[in-house]
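Next, two complexes with chain A in common: one pairs it with chain B, the other with chain C.
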Partner chain A sequence: CNEAKSEGRAELIPSIKLRHCCLLRNQRCVTAYLYDRLLRIRALRWEYGSVLPPNIRFHMCAEELQWFGQYKKSLASFMRSLGGEEGLDITQDMKPPKSLYIEVRCLKDHGEFEIDDGTVILLKKNSQHFLPRWKCEQLIRQGVLEHVVS
Partner chain B sequence: MDTHSYLPVQPGVGMEENFLSLDDILLSHERLPIRADIAFPRLGFLEKSSDTQDIAEGTKMELPLWLSKGLYERKRRVLSVELPKVYREGWRTVFNADPNVVDLHKMGPYYYSLGSQMLHFDSPENPDIAQTLLQTFIGRFRRTMDSSQNAYNEDMSALVERLDSLEKGLFRSGQSGLNSFQSWEKGQATQLTASSLVLNYRKRKITDIQS
Partner chain C sequence: MFISDIRKEFYEVVANQRVALLVSSDIDALCACKILQALFHCDQVQYTLVPVTGWQDLGTAFLEHKEQFRYFVLINCGANVDLLEMLQPDDDSIFFICDTHRPVDVVNVYNDTQIKLLIKQDDDLGVPSYDDIFRDEEDEGHDSGNESDGGSEPSGKRRRFDEGAVERRIERQRERREWEARRREILFDYEQYEYHGTSAAMMFFELAWVLTKDTKDMLWWAIIGLTDQWVHDKITHMKYVTDIATMQRHVSRHNHRNEDEENSLSIDCMRISFEYDLRLTLYQHWTLYESICNSCYTSCSFKLWTLNGQKKLQEFLADMGLPLKQVRQKFNSMDMTIKENLRDVIEEASNKYGMKDIRIQTFGVHFGFKNRFLASDMVHATAALLESTEKDESDSDNFIKALDSLSRSNLDRLHSGIELAKKKLIAIQQTVASCICTNLILSQGPFLYCYLMEGTPDVKLFSKPMALTLLCKYLLKAFVHSTRNKRCKLLPLIMAAPKDVEKGTVIVVGITPESETSDKKNFFGRAFEKASESTSSRTLHDNFDTSIIELKTEDRSKFLDALITLLS
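Then we have the complex of A and B:
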């Protein structure tokens, strides 16, 4: 643009400006797309958990995976700093809990599942179990179990 | 609705667009009738109706909002933007008379946002345009709010399809509030559910394998 002015080709300036607007537009679209992807990836940490399934990881680029790892770390150190010595897992109990144990039905085969007292439960499709709430919450969010409310 | 964690960038309010808002990007894609007040050499290929190498001064074309905003200069050397029909005198009287009658979705789904953006182009009618936009919104707001709060499980599509995108957003918020309240009353608020994000990604996965 400055070259155009100095060489006396000032009539080209509107065209240069137009082309520049197009470049800025492309930049805006790409940036907004990438930013929206990040917002969704961030939401996955809350909705799904700290380990993403392979089919989602497949669609993420290396920088996004790195970003997710750093976000996880920030969140974890924040959670550790809350509530005294052990920290507080704020990704649990997203809805107000009414009881310690809940009835769940298995929506698909998930294999063996160990609970705190050492018992191993086989999560087979359509089986129903009465389990501690805090062990099930993540599996329910991931769509493996279904919370049965009578 | 379980996806409270995904918070997309909201569209800007008034004359400001939000750079990262997908809604604002779609909005700025709308085309406006303009008249070139200056020549654009070597860009004739953009103007499909004539085969010249340059865009001559005085050419009338349609440009998207983002380009019109980018090229417009207050000294008025570059572009003259014509007001789209909906914001002109004729339609303004209709809106002032009864705002509830109009199908705003058909008039361009971004009536309020585009109207606010038109104020950037220093038309002498700006104060009237701004006034009409505001009054129309006020006139229609009552009905939108009422129906969003009181129509539980009814088919509101007849009303909703005549709303502009801003009003639709308001309507959706109202509905989601109402539904949340109803589910709380029924005792469903404590039922843990699968994340809707997860369910959507699962559906995608199956089509990926097949393709």
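Then we have the complex of A and C:
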């Protein structure tokens, strides 16, 4: 732009300014897109837990995976610092729980599932179970089980 | 063995354990299941619910779950066969069976360790006494071996050749043969007829009552379970009336607790009331005219498949002073003046036309401003959902939908069920009309027979057992009203309809003859078994009701011939 002024081609200045504005705008759009992706990746940690399913990892670039790893570490160290020695898993019970056990219905065949006292439950399509809430939350989020409210 | 104290011997045993619930596919079982689920939620008993549609399903479900569960609760399945022999469980599996099917298999009655029957012992059972069927071996001495081989040659034992011992042995063998003949006769008499006992839903409601955890929801489910037995003609009228009286006591107890002058209940609370209401199916959710045309009782009394019958119906309506325009409107939009005295007006008019029992004792529920349902409405809606023949819906999908429709929070499910039920009823009436008009019912001697051809409209609906049984019942009633042959009026009816076109099978159902005082004891279960054996037809006795079987289409005629010879 300065060069144009010094060389006396003042009529080029508007087009240069225009292009520059376009470039800046494109840059803003791209950064907004990347930032939005970052926010979604952060939400993935809360939804899926610390291991992402392979079909999601497929859509993330290496830098995003690295960022996810660091976010995971930072969240884990925060959780360890709460609640005394063991830490507190704040990713559980995202909504205030109303009861210890909930009734769930199985939406697809998921095979066997182990609960805390070692017993194994066979999750077959359309079977209903009455199980402790914390064991079911993962599977509900994954869409294998459905919470039945009656 | 029979359980005497359902709280101590059943509920407290399973309260801290994990339980597998295997539930059969009928409305009574669904209601019983809802009540038990509600109790388990209350006490946080972990359970797994698996729907089963037949013996094969039951076997598969048991195999899948036997590693993980020790306690199994079977609802409306399992009492009428030797369960231990069928499932071959480990010694520590315990089965709690609450089943309305009778007769209860004798092995289930006399097994003390693994089978617990949640059935009242005085529930019209007539179980043969232990000594008549089982015999201890101690008094045999060192002669004959055990019962099953019935051998009389002592192998490797010292033979005694003196006269007295030989005589005694002959005497013992003769006694044994006589005892065995008597045993066969007793068992034959006991197992000959199939019938139904007290509703499973009512048994579980009683459990809830004993635990004082009964709620109005549970009471309503128990009422629906009982009404299901009446709608599908499983119990006698006497038993229905007696059970209604029992339920009425509970209803008045619940109603008495809540309403008094100072605090009246919110409109959203559930109110159950005793109704002496009309026998017009679904009339409050339909138009009065449609309901009269499609209810079995009125349609058969007027003979609405004839022209004469239609005229009589018009006369009937005119007699009551109901304008046609009103009668063809949705019930909710009918004039208030007409709706107010409708029941009495209809009762009076129907007495003149020979319909003496147009009203029946039942219960209704009322919650919210719009929602009023009679127990029979719920039964028809849930049954339609349970046996819906939409594509891509497996039996267990339908089971889940039907189970959901019983909760008060799933009213749209219930309404879709009511719509399906209306279609089903219309289909039944049309099929009945066409069968009677085209004389499709043939008398085969000891029974009547009807076969639905493959191209019949709505024949897919009748590939399901409950729908076909309902059609069978309505058809028999219509036939009895339309025929002049006195002998034919007393015959039972067997009906066959295509079940699976690809596999080439038909479903065959047999029902008892139509009579006012019928005891609803069905002998077709045994008859079908014997006929199938003697002709080696390819049959599948998979349904928990032994009078409903699946048969290969090609074997139909020889199977029928065998039945005719068997029953003549």
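Quick note on the criterion: the second predicted complex is superposed on the first by the 150 of 150 C-alpha atoms of A that agree within 3 Å, B and C clash if a C-alpha of one lies under 4 Å from a C-alpha of the other, contacts with A are read in each partner's own complex, and residues count from 1 in each chain.
Keep in mind that, in the parts below, contacts are C-beta pairs under 8 Å (C-beta built on N, C-alpha and C of every residue); 3 or more make two chains touch, one makes a residue touch a chain.
Please read these numbers as outputs of a predicted model, since none were measured by experiment.
Enquirer: On the A-aligned overlay, A:Q92 touches which partner chain: chain B = first, chain C = second, or both, or neither?
Expert: neither
Enquirer: Based on the superposed arrangement, let me know which partner A:Q66 touches: chain B (first), chain C (second), both, or neither?
Expert: After superposition on chain A, A:Q66 lies in contact with neither partner.
Enquirer: Check whether A:Y101 is in contact with chain B, with chain C, with both or with neither, and answer first, second, both or neither.
Expert: Second partner only.
Enquirer: Where does A:C21 make contact in the superposed view: on chain B (first), on chain C (second), on both, or on neither?
Expert: In the superposed model, A:C21 contacts chain B only, not chain C.
Enquirer: Identify the partner contact of A:S77: answer first if only chain B is touched, second if only chain C is, both if each is, neither if none is.
Expert: The answer is neither, since A:S77 touches no partner chain.
Enquirer: Tell me the contact category for A:F130 with respect to chain B and chain C: first, second, both or neither.
Expert: second
Enquirer: Is A:V149 touching anything from chain B or chain C once the two structures are fitted on A? First, second, both or neither.
Expert: both
Enquirer: A:T119 in the overlay: touching chain B, chain C, both, or neither? Say first, second, both or neither.
Expert: second
Enquirer: After superposing on the shared chain, does chain C or chain B touch more chain A residues?
Expert: Looking at chain A, the partner in contact with more of its residues is B.
Enquirer: Pick out the shared contact residues on chain A: the ones touching chain B in one complex and chain C in the other.
Expert: After superposing on chain A, chain A residues 149 contact both chain B and chain C.
Enquirer: Over in the complex, which chain B residues touch chain A? Could you list them?
Expert: Those residues of chain B that touch chain A are 2-3, 5-9, 19-22, 25, 38-43, 66-67, 70-71, 78, 187-195, 197-199, 201-202, 205, 208.
Enquirer: Under the stated contact criterion, what part of chain C meets chain A in this complex?
Expert: Chain C reaches chain A through residues 18, 37, 40-41, 44-51, 64-65, 67-68, 394, 396-397, 399-400, 404, 407, 409.
Enquirer: Provide the residue numbers of chain A that touch chain C in the complex, in ascending order.
Expert: Chain A residues touching chain C: 100-101, 103, 105, 119-122, 124-132, 149-150.
Enquirer: For a test of understanding, state which residues of chain A touch chain B in their complex under the given definition.
Expert: Within the complex, chain A touches chain B at residues 11-12, 14-15, 17-18, 20-22, 24-25, 28-29, 31-32, 35-36, 39-40, 42-48, 55-56, 94-98, 102, 136-137, 140-143, 146-147, 149.
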